[in-house]
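Paired with subunit B in one complex and with subunit C in the other, subunit A is shared by the two complexes that follow.
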Partner chain A sequence: MSNPQRIRRRTIAAALAAAFAGAAFADETCNSPYTARLIKGQEDYVHVWTLGVEGVGDGSDKLVTIDANPKSKGYGKVVHSHSVGGRGEAHHMGFTDDRKHLWAGGLDDSKIHIFDVGTDPAKPKFVKTIADLAKQTGFVGPHTFYAMPGRMLIQSLSNAKDHGGKTGMAIYNNKGAFVAKYDMPEGEVGVVKGDGYGYDIAINPRKNVMLTSSFAGWNNYMMDMGKMVKDGEAMKRFGATMAAWDLKAMKPKQIFSVPGSPLEIRWSLNPKDKWAITATALTSKLWLIKPDGKGGWQAKDVATIGDPSKIPLPVDISISADGKGLWVNTFMDGLTRYFDLSNPEAPKETYTKKTGKQVNMVSQSWDGKRVYITSSLLANWDKKGDDNEQFLRAFHWDGKELKPAFEVDFNKEKLGRAHHMKFSAKGGKKT
Partner chain B sequence: MTSARWSWRRMPAGVSVVVVLAALLALVACERAAAPDHSAALGLPPLAVPADNPLTPAKVALGRKLFFDRRLSPNRTMSCAMCHVPEQGFTAHELATSVGIQGRSVRRNAPSVLNVAWQKRLFHDGREITLEDQIWGPLLSANEMGNPSMGYVVERVRGIEDYAGLFEAAFGGEGASAGRIGAAIASYERTLTAGDSRFDRWRYGGERSALTALEQRGFKLFSGKARCVSCHSVGERDALFTDHGFHNTGIGWARTYLTPERTRVELAPGVYAEIDRRTLATFSEPSVRDLGRYEITLDPRDRWAYKTPSLRNVALTAPYMHDGSFATLESVIEFYDRGGIDNPDKSALLAPLGLTGEERAALAAFLRTLTGSAVAALVEEARRTPSGR
Partner chain C sequence: MPKAARRLSALCIALAALLVAASAGAHREEHRPVAVRPVMDYTPPPAGSYALHVIQRAPEGRVVGADGRLHSLSAYTRGRITLLSLIYTYCTEPTGCALAYETSVELRKRVLAEPRLHGRARFVSLSFDPLNDTHQAMQAYGGSYARDGKGLPWHFLTTRSMQDLKPILDGFDQEIEMELDERGRPTRTISHMLKLFLIDREGRVREIYSTAFLHPEAMLNDIRSLVMEEDAGRR
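Showing the complex of A and B:
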């Protein structure tokens, strides 16, 4: 590392450390703890990052805004849509720490589109596109956008050399300028070998720990899923590890063996809890990450999701604000499952509902009363023909039953594949 | 090695044989260390270079830049090297068959471009004949690099700042054109020389101890009992390990007619599940046909015949066959030992071999002696200057 780089890195670490003191867990349960202006009441809008489909409407990736306030005239309707041009495998989004901007990434073209959602959330305003991720870092496939104080931490999935799974994280400032990069750990860290793969980020500032998980490179996430499962070589290229990092130093401290591709990671938002949970997509299990009693962390397999031999493919999860419950969507069977997490060592599936022919993302409101589900996993992993439903479905949850609230049919509206969701509220109220 | 390697012999009609030595020495001079040594060609016949596209260091460097440049696809994601990855034997280990732009499926395995200058016909079905023209296959295929036209590619290259002056310098003042893009990439590919393997040093370099007893036994089987040489030719003075022909070994036929009811999937190391055909269909695009050489000749005898690949560097180029269906050299040898897969057009040269376990191991050991001495240097050279990420 050159000297200026070292100095810059030290400055970043110092800036982060300074900000940690004031951080609190926040948001509609899945965002970074540094995100301001939580919506603890009724959300007004759901923004859906939507993949363009060749031959459907304008075929372009777009940010679709849907009115989600039952008191509003436009409830359940699309109120705004902004096409970014091209199909870049729209995937995840994340708010900046001040919640003014929404960053939306493309796993294929590695573009990051920034929208102003703070000024008028009903009409997200396109600000600019960051297109230098590969050039700055050698990484491609920006996945998780995790707000840091004044900055955005971005977990990538792949690299520009071979489109495999070796990758890393990048930090950009809120204006969109590149700041630093970090490779995912390879080789032995402690007793387990890192695979260099990445997927999600989850930070617990109070414990100075950042957890990361691991998925697959461009080759796998871009290819036809039917082709992939028949390709023995491709199937060997899935992440099988998680890492615990020293957050302030941005250094990996421990690697855990978590076979079958651990995806989304959620810390319990209950201040008394000291654990995080994740689901492995291929092996259909819930894993708990908790203190190992020796000042470090451990990962433990605590539950099975459905029948793993049928490959239900648990994809997104959503934790309740009190850390007592977890929604899990299994893509293949289209089921939305509720796990009781009262005892995180032994999660129990207590409710199951078929919510679509294929389901991926699940997001709940802070009070847990509303649950939103979208259908698309990845352009070339989605089901084909009649099974390829594309929707946003909103439900009411009373603790016993998911009751349909409204639905937007993304095929019928010629929008595309409905993917990641983020909520917003008028005038930043209800914080 | 002897200077006889560089004799002007077996000159194909219309093609001048150029001694690459001079060009490569020039490369060494202008790029300092690590350019491949000319001895990297031990065991290979003289390199044939078209008279109208002589090798020059400027052209080779430009061709290399183009080969690695992802901006040669409309959405700037695919370069030649994304499928022909230097660190993976200039092919791709992580995929049986390639994945192109926007994740589109390619039906075949990417062959290595090491030693590709010695191929008489290109692609598994031999549909192309010169490296200069071959580039337009991947550049224009909707499922590989996805460019809409040749002009589009030329315009893109002309518009990229860091190409300013490079074509002019390499082509006597002429700027980028479709032909010159091909000439440059072909020139780079012609420098991917990977001979001088341990086998070459043993057989053509007079180093008796370059192969172990087991490996020598393997070569004896290769050219004797196992009859591999009847297609993977080995000459007295050099060896390409290919007869440049097309043969049906049964793999393509079996894929077409024997569709499995259930597919076994490895979910994590040692963890398997099975998917039935109906479930698989819910998330699979329709499969595309692949009839091999027949698609080019329309001669029914060529159904499911594929080009005999060179076996040079085969230890580096897994997975194997036109569809990447074998993960290891051991599984390839077992396949030949069984006599391939019977079907009406199967090559008469294939029959059960009755190899013992030890003989199979010797064959595999021999195949692993075919790795060229310059591969590491070629990889290093390929990555020295990052191109167009």
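Showing the complex of A and C:
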């Protein structure tokens, strides 16, 4: 090959690499960024993992599927629902690496329900329930489901012994068999002492680093929120650390002091960036995790979310595909806030809209043009009476204004409390 | 047409022509697409300093070897440390089969550079497509690697039929889809998630690599780790 040809080939290869890098990243809350078949265009369905409410419909936890394609006749309507029987505090979900299956966990009963959403995403098919998490690991409250090649990494929130915050992670293979467990770090790792708590997971394969955050145990998340905030001892039982792990070795390398319970963690999806961001629930801050210049990592408080003295309770975040923007939902005031992350050292809140009386999860489409919001935080933490709205609200985002697209009222439809969302799209023909 | 739009249109046509010319050139000269390698920006932990847990058992099945005869898959997944990839010969995805091939070539060099690893490992490339990828096509795809078994044999296998292939795919939890064109007709593109399986001499899967994790230096340490484990077991 002549030199000009070689150069031309390299240029095209680089362009393709950039294109693939861009296309490969979609933002869905808690989504492992290296799953397959990510949705590059319009999502067809939004799956909502929904908490059953006694006396409402069948009262059971269920996976609710809503048509989200504007070109579809069923746009904005519930097209499928599968109840799992009983109430186990339905909370988070995660796709397997091949995006064929969706794993959905219960924070109370510690059951993990697996659905096939790859074969026909309009009609997720229940496959099996994993009920041996506590027996295999001693952990309870499966929260984050993070896809790794051929297996699922599961972050728990609590333990079977005292239902406190000390917990760990488990790995199951994609067929649902237990593989290994890892305790969250306690004691000093570097200069900071680990608290043994866990919440979210975020992996950066090119740096071989896994970040974890910390929340609270069963005793807290199953307690009535009004009662808990008056309980001084309970309020001490929240996580205040993050950890950076050697992913390959699955060993903690550094602990960071991050007061006020750091929750969801997102790496910037821009391949040029080397930072991640999180929000602290109780102290209402954004923290940046970035290289410390000495081969390690550091955590840095970079912004305030609303008025921390009013405890707006930032509960979920969603980062844009280019790493330039971040949606933040604050539960107590029902606000959806957009932060400009052009300078991640100094995020700026540039847009705010009241999207509900209570809001929890926020997920944006990979192109950033659609934003979805749900309402439920935890069964015993949701607001009471008229403030207990339960919904999925879809919005169009044009960079300036969130404009309503459609809404499903989960109370009116007798579905329950709307929690975690995942997107799916109709796939190709199976061989 | 406004001037800016005309310029953009001309640029698109030129780029398209360039892509066609480049892909034609690539086919003539190398017969393989250029792989896009994942970035590796870390020093992997030393071999033997971490655990490689048993993820699952490698499935059994019937495959067609270089001799055109049927063999049990376990003949290629037991007795040595095995790196198995599922590919098809006419795949054009830069982060798919081409990456599996180039990563294996790079890893092969590293394994062969360490005499203590000679005779301890093998590579296996197994086709997704029993129809087009005959055993002759697989040997042609493997080229000199298929013929040179010194130190590190590399087997290029296929299956006799989809009936034989399916239990193997199911066992490795690998789903494939035929991509369709605008009219819903099958194209020559098989959509699959690239995964390479590291299997110990007992036939147990100890690591799975997808595109973002295909880092030859880390993979070499995994092979070294399994060799150290074997040697410790013998003592």
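The working rule: the second predicted complex is superposed on the first by the 397 of 431 C-alpha atoms of A that agree within 3 Å, B and C clash if a C-alpha of one lies under 4 Å from a C-alpha of the other, contacts with A are read in each partner's own complex, and residues count from 1 in each chain.
By definition in this document, contacts are C-beta pairs under 8 Å (C-beta built on N, C-alpha and C of every residue); 3 or more make two chains touch, one makes a residue touch a chain.
Not measured: the values here are computed from a predicted model.
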- Task: Considering only touches as defined above, state whether A:311 meets subunit B (first), subunit C (second), both or neither.
- Result: first
- Item | Partner chain(s) touched by A:171 [first = subunit B, second = subunit C, both, neither] | second
- Partner chain in contact with A:108 - subunit B first, subunit C second, else both or neither: first
- Task: Would you check which partner chain A:79 touches, where first means subunit B only, second means subunit C only, and both and neither mean what they say?
- Result: neither
- Quick one: name whichever of subunit B and subunit C touches more residues of subunit A. B
- Touching A:249 in the superposition: subunit B (first), subunit C (second), both, neither? second
- Which holds for A:127: it touches subunit B only (first), subunit C only (second), both, or neither? neither
- subunit B contacts subunit A in the complex at 70, 75-77, 82, 85, 87-88, 92-97, 99, 102-103, 105, 263, 265-269, 271, 273-275, 279-285, 319, 324, 327, 383, 386, 389
- Can you name the residues of subunit A that touch subunit C in the complex? 1, 5, 8-9, 12-13, 16-17, 20, 34, 36-37, 97-98, 100, 118, 148-151, 171, 173-175, 177, 179-180, 205-209, 246, 248-251, 271, 427-431
- Message: If we count contacts the way the header does, which residues on subunit A are in touch with subunit B in the complex?
- Response: 86-89, 108-110, 134-135, 138, 140, 160-164, 217-219, 221-227, 229-238, 240, 259-261, 280, 282-283, 308-311, 332, 379-385, 387
- Query: What residues on subunit C touch subunit A, complex-wise?
  - Reply: 18-19, 22, 25-26, 29, 34, 36, 38-42, 44-45, 49-51, 53-56, 94-95, 162, 173-180, 184, 186, 190-191, 193, 195, 197, 205, 208-213, 218
